[in-house]
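Labels run A, B and C following the written order; every chain starts at residue 1.
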């Protein structure tokens, strides 16, 4: 089912959405694109993708889990209740939209993380097709289509006049039948598809998957490719699908809060125990990062934990390029 | 929609503290929630995340046997921030507990077999949960041999268990130390060497071992020499853990998470690991 | 200092190859082609064969001296003027022995500030199609099929526009080429943030540090941050929590700033690598200005001059001792 809307009505519709909940749109703040609450800012004329991936709104860098306060004979312990207010995020790229679904089995399952799942539940996702290929990206190799996405409630394609919207879920449909959109057809949707710059595929994902097991033991390969790595956390923190975290207590033993915060497998002390650090060497950590995302995650969840958004490539301080490594493994 | 916060621990009271050695203590804890005291179930081999509020959480196996109900036991060697904080607590203090997590010793595979337990130092902690479990259901198993060693007589842990086991005619207990003292009347020798001297038969047998990495390495070699097949040998592995729930991404060995797929593994499984990072 | 001048890249590769072959070098740090626009990539060569990738283009931002924290032995490296100052700092701090290094000074016409160019054109760095240096000291930018010429002031990093030491201060050989002429000796204009009230500064920096992810890229790329065990990694006692609360973020950045005082040469790499665009150079420059005023000291310039925080002079300011 398809709908269409012109530019002017689109802006009105966005403002009307604020009656449904908090509306987030891509906004430039401090020289970076982020998802910010819709106040008076204009819908961006031209933006590629946010610097911080959308996972930050579902699995934030700082999540209070519980608090405690000592009382005579006992302790008052309170769980933080996940935020329940409805939200709508407009402008999600297919890569970031996919990432939310990729992370879901990590936080669901036998031990359900109510913070992540409640965030998914209360948020309506309105995605937006891309018209450019982000620098460093390889989404198409990762089987993410920049022009289409099934991972949202509604998916938009921009046209010269405005947008064509594809309905994906029932709750998405409910938002579109509100007097701003007119009905549209399959041909409107097809006509709104953009010609994306072509390039030869860098690698075949299936071949990379198949080869990773045999690459695991090749210490020299991993040493060579990871030599310039800085051991910082940029690739993991800007990655839409990285989910490693730490649990820390703050304040004093009498009263305090237990937080969950991001952690990175790239950090030297990530696996350090009292007697032994299994990944003391940098090449082991880099091998873990690539193997976890492209091999082990697949073995556990039948999906690859990478959407090819290109942030790790574009923002690595030393230009360590994952595409080169995947191509080499191919 | 699930409402339970998986990160929230149960409140536990420390009801007893036993000083095992200079740097190791055993804690007996019970749920503040009386209903949970009787209804809490776990299996030998499983572990928990224990909190000292304000310092953090640390991972320890549950070293009490599931057959002995009413309270839980765990043992702590003082090596870092949380363990030091635990060592400073007193009976009556409150801590947090999340669990039971992880897999467990597959008792069904051990029934009707001869069991050989090989422990070193604090490594007896995960083993004693299983040992006391099988002792309490003795009829299900054939011969039980326990070989336990430590560096010196002062480093022997769980002396009260050792005493109970030595008095049990249905068990064979062999205790050894690397270096004796003037009062020590038992065996002197490294555990793997004493193991070879014992000449246990691999016939219809299962070996379960836990201890310092170097002891494990030579013990596995000795077991191999004695003819134990890899699927007859079991151990528990240790990795840095935070969540215990398979989510924080820290404790993996290849695609397996030690907190979910372990900590109990057979040697057979370990030999198939893609990674040696553990 | 040796007078040897190398005329071109191919001679440089020959020289380095010989140094590898005769054991004078075990590693070499240089630059190679990058894989994204407007970036080169560090080159870490451990054998002569690796040198074939050596390439010097218009984007040589990296201060390669930070790799000396990790790469030991007999290390050859390329340094621009600003990088050579970090090298002097490291030698003075005892982190590296000059005899173990083979230092090749390279010409620098000033490094291109891609973010500044994008900002002035009202777009993002990713939108720029091409940037090349023009003969008249500026750059030519292609953006959405339009071509624009920008001056040096509009295109180069602020630190380059105020560079006092474009020629390396320490080297074994020098690569021939165009050097940015040094700026007449004066302090760079004081940043307007430094003149704000305490309340305004607090609000400004709270907004900046609220974005800090604690990725530690700024710390890891900094040659002056050479502690084998950083204070952030210490948990007995825990000085700074791993959780990125505003308070702990403030403490991390300000503590790091104070820790590198006297060694930081304002190379600007911390600010370049920050994924959330925190203007760290404002803090570094304030500290450099304070160091100059209070201790008459400029880091990384003089191999002999004693480090201000390792020495005590009677004349050192002490009004804060009450």
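One rule holds in what follows: contacts are C-beta pairs under 8 Å (C-beta built on N, C-alpha and C of every residue); 3 or more make two chains touch, one makes a residue touch a chain.
Predicted model, so just to flag it, every value in this text is computed and none were measured.
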Touch-network distance, chain A to chain B, counted in steps: 1
Farthest chain (mean CA position) relative to chain C: B
Between the pairs B-C and A-C, the one where more C-beta pairs touch: A-C
Centre-of-Cα separation between chain B and chain A, whole angstrom: 39
Chain B and chain C: spacing of chain centres that average the CA atoms, whole Å: 51
Chain A and chain C, separation of their C-alpha mean positions in angstrom: 31
Interface hub residues of chain B, defined as touching at least two other chains: 80
Per-residue multi-chain contacts in chain A, two or more chains: 246, 248, 263
Interface residues, chain A side, partner chain B - complex: 65-66, 68, 74-75, 77, 79-80, 106-107, 109, 111-114, 117-118, 121, 213, 216, 243-249, 251-254, 256, 258, 260, 263, 265, 270-276, 278-279, 284, 288, 291-292, 295-297, 299-300
Chain A partner contacts - residues on chain B that touch it in the complex: 1-9, 11, 32, 51-57, 79-80, 83, 94, 96, 213, 238-240, 242-243, 245-250, 252, 254-255, 274-275, 277-278
Contact set on chain C toward chain B in their complex: 235-236, 238
Complex contacts: residues of chain A adjacent to chain C: 30-33, 46-48, 51-52, 61-62, 134-136, 227-228, 230-234, 237-238, 246, 248, 250, 259, 261-264, 267, 269, 313-315, 317-319, 321, 323-324
Sites on chain C touched by chain A in the complex: 34-37, 39-42, 44, 62, 67, 115, 119, 123-124, 126-127, 207-208, 211, 213-217, 219-221, 233, 241-245, 269, 272-273, 275-277
